[in-house]
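Data block below; observations after.
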Amino acid sequence: MVPTSWYLALSAVLFAIGAVGVLVRRNIIVVFMAIELMLNAVNLTFVAFARQLGTIDGQVIVFFVMTVAAAEAAVGLAIIIAAFRNRPTVNADELAVLRW
Amino acid sequence: MLDQYLGVIITFGFAAVIVGIMCGASMILGVHHPGPVKQQVFECGNPPTGPARGRFSVRFYLVAILFIVFDVEVVFLYPWAIVFRRLGVPGLVEMVVFIGVLAAGLAYVWKKGALAWD
Amino acid sequence: MHGGEIIPTSTLWLIPALPLAGLLLAIVFGDRKRLVTIVAPGVVGIAFAVALASVVTLLRAPAGARLVDDVYPWIVAGPFRADVAFRVDALAAVMVLIVTGVGFLIHVYSVGYMAHDESLPRFFAYLNLFMFAMLLLVLADNLVVLFVGWEGVGLCSYLLIGFWYEKDENAAAGKKAFVVNRIGDLGFVLGLLLLAWSTAANGAISLDVAHVEEHVHLLAPQTATAVALLLLVGAAGKSAQLPLYVWLPDAMAGPTPVSALIHAATMVTAGIYMIARLHVVFLASPFALEVVAIVGAATALFAATIALVQTDIKKVLAYSTVSQLGFMVLALGVGAFATAIFHVMTHAFFKALLFLGAGSVIHGMSGEQDVSQMGGLREKMPITWWTFLVGTLAIAGAPGFAGFFSKDEILAHTWGTGHYALWAVGAFTAGLTAFYMFRLLFLTFFGELRAAPEIAHHVHESPPVMTVPLVILAALSIVGGWVGLPEGWLWGPAFGRFLAPVTGHSALGEHGAGVETALMLVATLLAAGGATLAYVFYVRMPGLPYLLAWRLKPVYELLVGKYWIDELYDAVVVRPYVALSNLLWRIVDQMMIDGAVNGVATTVLANGQLWRYVQDGNVQHYALVFLGGAIALLSYYLVR
Amino acid sequence: MGSVTFFLLATALVVSALTVVVHPNPVKSAMALVATLFLLAVEFVFLGAHMIAALQVIVYAGAIMVLFLFVIMLLNLSDEEAEARRRGRALFRIGAWIGGGVLAAELAALFLRVPFPAPAAPPAGYGGAESVATALFVDYALPFELTSILLLIAVIGTVVLAQRRAS
Amino acid sequence: MWADAAIAAVKSLVMLLLALNLTVLLLWVERKGSALIQDRIGANRANIFGGILPFNLGIVNTLIADPIKMFTKEDVIPAGADKLLHFFGPFLAVFPVLVTFAAVPFGDVLVIGGREINLQVAELNVGILYVLAMSGLSVYGVVLGGWATNSRWSLLGAIRGSAQMISYEIAMGLGLIGAILVFGTLDLQAIARAQGATIWGVIPAWGIIYQPLGFLIFLVAGIAETKRVPFDLPEGESELTSGYFTEYSGSKQATYMMSDFAEIVVVSALATTLFFGAWQVPYLARDGFHFPGGFALALPQVVVVVMQVASFVLKVLILCCFQILVRWSLPRYRYDQLMDLGWKTLLPLALANVLITAIVIVLAG
């Protein structure tokens, strides 16, 4: 049986990689993917704790997290498309102006 | 609980091997004479015009979004379908509301013409 | 002395009101010169008549009486009360007659002198305004009204000195006069306030002369000294005594009638009149009196020495006036208040005469004032010559003339009260006076005319409107002295007796008549010596003065440079003052106040600039901050 | 299951996650993310969450990543490495990487320090379709209904945003 | 532990070979079938044994000559294409499809030496979800194929293809839900066994009887998923040349072709498992036939298994031929008609079907 803390450590590493992705990448879509990665790391912790506690709640919450992530991805990318239409760039720096 | 997936893993292995052979075969067996003309993108003979990866209408993107939303809906339906017999009427009511709301979403999209392929 | 009979009248206000009316008329009919030349002198003449009438009524009244005209209650502020009221007692009577009389003559003279000047109306308006202020000062029953007059004359002297303001030096002279007077006035005001404060009794603060005289005993010795000294400062400012005399020589920049009227006859005597009026205060502090005497004597000697070497005719007369004023202050200092006023009167006559004479000479010489350019004017300007001669004799103290009696009385009183050293200074100065006056006389009227040819053939006698006042003044310079004969002669010191009730008796001390006649002989000898010396220097051997000047080079330079007092004041007072204000302006204002304000602004701006980089809209920068925060939080839990 | 397989799987996961972050070409990083999600699904299976693993593949790998690929193609994104190395960014990148490393280390340290007891053997059918379904529709009925509203909002939002406005 | 692995390996090999052979067979069926339909001869050139037989069924042509030609062709990769993605395109197109067979049961239980071997490669508790997941992955094959070749037309084809696939995936998913409602489980083996029962003793309880509309939606969506006529817009379009795999040659193109047929087989297999009683032979239980009239015929266990596998293969074959028949008889849809069908008819229909089934189940108790 692999101890739960290993899974948690693994999810921590994934989360950190996602965070760095958000910071480092200049292309917003890749930043967005990094955020999805962070979300999945969190899902991993949920499932790991679900197994640790022996209850099913963790997994149900992952269920809802996925739904929220789907909705978020949909709306987020819609925003990026709308932004792209006004200013043909996906570079995070050039979208520093709070309005377009 | 691993036994369930033993078969899956093994099938993955065999399938990967078979498909790998199929895809890679011509690279190994085939002749190698790359030429500029041969490597030209095929456009019914005339030289390729415009940027290779030109942009296209946002319509497809909308379809992808709708697909996500309704895929999630389908995914919610599956577990419901399994335990429906035990849930009985309350389960039905629950699902009717769920499907009703999403049908409203579909109706909105339909009326807004997002699905109309002009 | 006090509490003489009060005769209420209601005509005294007319005396100052008439010149005021003249002023208003001059303003209204400013454009019609002929009318102004008639109205202005006329008004002063009428004022003289009214004054004469009131003096006659005073003479008929018992001794020590005074006419009081209470016009209206001017200031009523709680315990303090000041009314606009006029009084004519013996002292005021003399002064008002001098002011209106001599004033009238000078007005007439000015009509001729200023005839060709296009801003004549403005001149007469100022003159009338001056007469109004002077009469206010002289007739004031209340020291506040006196002070108003005091400031008024200061203003008019400024306006008249700077009459020809187109030239910068005239304007500068006007300003200098005004500023120095203001310094004096400051002392005067402080004196008045201290006086009012310390003589307040049973809840009533008042500056009425009567009230002050009654309550002067309340003054503690050192307060009395303080008040007296402050009043002395005021008098020194107005009557051009030693520390504050510098403005008078420069005041010659104004037209000559102005110098005659203001800087000889009337305004400069205001200080003397004020001290005489408040003699009770000075008597209360013997130390102050000593100071007054010393100041007087010192000024007299000092001014006389400078007058020896002046070449400008008006400058010589100006220093002579300062010197004579020194004599009057000396008289006050030794307690001979009546004698001082007597000298004021005689001085008014012959000094006005001399100034107007100089004016007519300048008029004739078409503006030339330098004595070295003149000479031999006896034949060309006979009347001016004769009247000028009478004036010179009078001032030098030739026996029988006005100056003789008044100056000797001063010297007698100085000796009488035991101030032997001061007497010596006084006598010596009298000798010097004779010397420089005759020097002036010989340089102007004897020898050949040294002016340039175009000026020379223009020289002519002044018109009658100028020469008639000269003749009248010459008569007065002679007759004026006979009012105050020494004891035992004919009717004796009638003038002293007349003023006694107001200014108190100044005993001649134990020596009596014999001493006075002896002193008179000594003074006359000195005067004669001075005159012959001048005759030798400037008529017999014209080269001698230059030889002497070359020999005593340093002394001569010192005198010509007027002891460099102006430069001294400039260096000691003006320059440091300017430097201080510059310092204050540059350091305190610029650096500290502005600096502080701007400093705050710049620091805020700098801060703004600094923090602007934090919020640059780049989401990823913000995310990095998030990460930092998270790490910090976690490290806390790790460490705990 | 053995820790060997865990480590193998973990390294594969970390490597694919790193490629997502590092690779300049968006399409390649997207495919790397798909691989990561797939490996995570396998992790879920190891953790006994069969249902969630299947859903993960269907929803995440199957739907969301397709959308990402669509958007990448729609916007015709070129490789990014050209301007990624802009001079001002170097310091920032290093800072970010160090920050990430420290965060990972701290979290891992915290988790590894906690003495988790060995988890009890899960009940029959744990993580299977029935158990998740019953929990979902009985205990979490309200959140279930809310997700439908959430999805409705997402649909409306997207249509409004993506439509070419009159301007 | 190793015995299980061995058995599993054998089972997966059997399944994979079954699938591959069927795919290849279909190739021939289509070539010859379409020729038969269109009254032409079809492929008959290649002939190894010099025309021993009077007629040439073209089997050699399509089953041996073509594959060999495909594998030995030069692999041309267009300029500017992404080498890695160029390889993974076809790989991801076929791999998920082959892997789906792991969940499909092809028989009941085979007893060898006391061990009951479940004739299903992997008894997955989440069977159908696994199938759905794998079918979702095949979209990447199309998308990557189009993007990798750096050609505008293939990109357009890929986008259209993937849009079509994802639109019909939902309909397919909803179609299945009706069946699951009826059977109450996701495990395909359980569903297959459930179809062994009979309704009123006579009619075999196959899915299609309970879910005729469900089957119809599933089949249509399935055909659309395979992008075969009448839905083969991505490659058949006149202006898109041959869609997203125009730039592929040699074995990669063969792989793409094969993915088509593999998907047909998968759709048929799923359809049979869910709607046509999988390996069930009417009235056949493990020990033999039990006819409604009470008449029973005992059969040895091996014969029963053979019959079950045979019935499964037969049913799949029938469905495949049906799909090929459909290809050569229906005209091609226009793209907007295609999408409208997907979104505006199939989806609402499927939702309705689900609701009706639910209500019926609740009422019927």
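Should a chain be cited, it is by its letter among A, B, C, D and E, assigned in written order, with residues numbered from 1 in that chain.
Note that a residue touches a chain if its C-beta (ideal position, glycine included) is under 8 Å from a C-beta of that chain, and two chains touch if they have at least 3 such contacts.
For clarity, every value in this text was computed on a predicted model and none was experimentally measured.
Student: Starting at chain A, figure out the least number of steps needed to reach chain D through touching chains.
Tutor: Tracing touching chains, the least step count from chain A to chain D comes to 1.
Student: Between chain A and chain E, which partner chains are common?
Tutor: Shared contacts of chain A and chain E: B, D.
Student: Can you name the chains that touch chain C as well as chain D?
Tutor: Under the touch definition, chain C and chain D have A as mutual neighbours.
Student: Counting C-beta pairs in contact, which chain pair has more, B-E or B-D?
Tutor: When the contacts at B-E and B-D are counted, B-E has more.
Student: Suppose every chain is reduced to the average of its Cα atoms; which one is closest to the average of all protein Cα atoms?
Tutor: It is chain A that sits nearest the middle.
Student: Could you pull out the chain whose C-alpha mean position is farthest off from that of chain C?
Tutor: Greatest centre separation from chain C goes to chain E.
Student: When the C-alpha atoms of chain A and chain B are each averaged to a single point, how far apart are the two points in Å?
Tutor: 21
Student: When the centre of a chain is set as the mean of its C-alpha atoms, what distance in Å lies between chain D and chain E?
Tutor: That pair's centroid distance is 30 Å.
Student: Hey, how far is the Cα centre of chain C from the one of chain E, in Å?
Tutor: 133
Student: Centroid from C-alpha atoms only, then distance chain A to chain C, rounded to Å. What do you get?
Tutor: Inter-chain centre distance comes to 100 Å.
Student: Two-or-more-chain contact residues of chain A, please, as numbers and ranges.
Tutor: In chain A, the residues touching two or more other chains are 19, 23-24, 66-67, 70-71, 73-74, 77-78, 81.
Student: Of all residues in chain C, which are in touch with two or more distinct other chains?
Tutor: Residues 620, 624, 627.
Student: Two or more other chains touching the same residue: where does that happen in chain E?
Tutor: Counting only residues that touch two or more other chains, chain E contributes 124-125, 129-130, 132, 147, 155, 159, 166, 169, 185-186.
Student: Give the pairs of chains that touch; include all such pairs.
Tutor: Every touching chain pair, ordered by label, is A-B, A-C, A-D, B-D, B-E, C-D, D-E.
Student: Can you list the residues on chain A that touch chain C in the complex?
Tutor: Chain A reaches chain C through residues 19, 22-24, 31, 92-93, 95-98.
Student: Which residues of chain D touch chain B in their complex?
Tutor: Result: residues 1, 45, 48, 50-51, 55, 58-59, 62-64, 66-67, 70-71, 73-76, 127, 129-130, 132-134, 136-138, 141, 144-145, 147-149, 151-152, 154-156, 158-159, 162-164 of chain D touch chain B.
Student: Which part of chain E faces chain D closely enough to touch in the complex?
Tutor: So the residues of chain E in touch with chain D come to 82, 84-85, 88, 124-126, 129-130, 132-133, 136-137, 139-140, 143-144, 147, 155, 159, 162, 166, 169, 185-186.
Student: Given the complex with chain A, which residues does chain C contribute to the contact?
Tutor: Going by the criterion above, the answer is residues 616-620, 623-624, 627.
Student: Across the complex, what residues on chain A touch chain D?
Tutor: 1-10, 12-21, 23-27, 29-30, 32-34, 36-37, 40, 43-44, 47-48, 50-54, 56-57, 59-60, 62-64, 66-71, 73-75, 77-82, 84-85, 90-91
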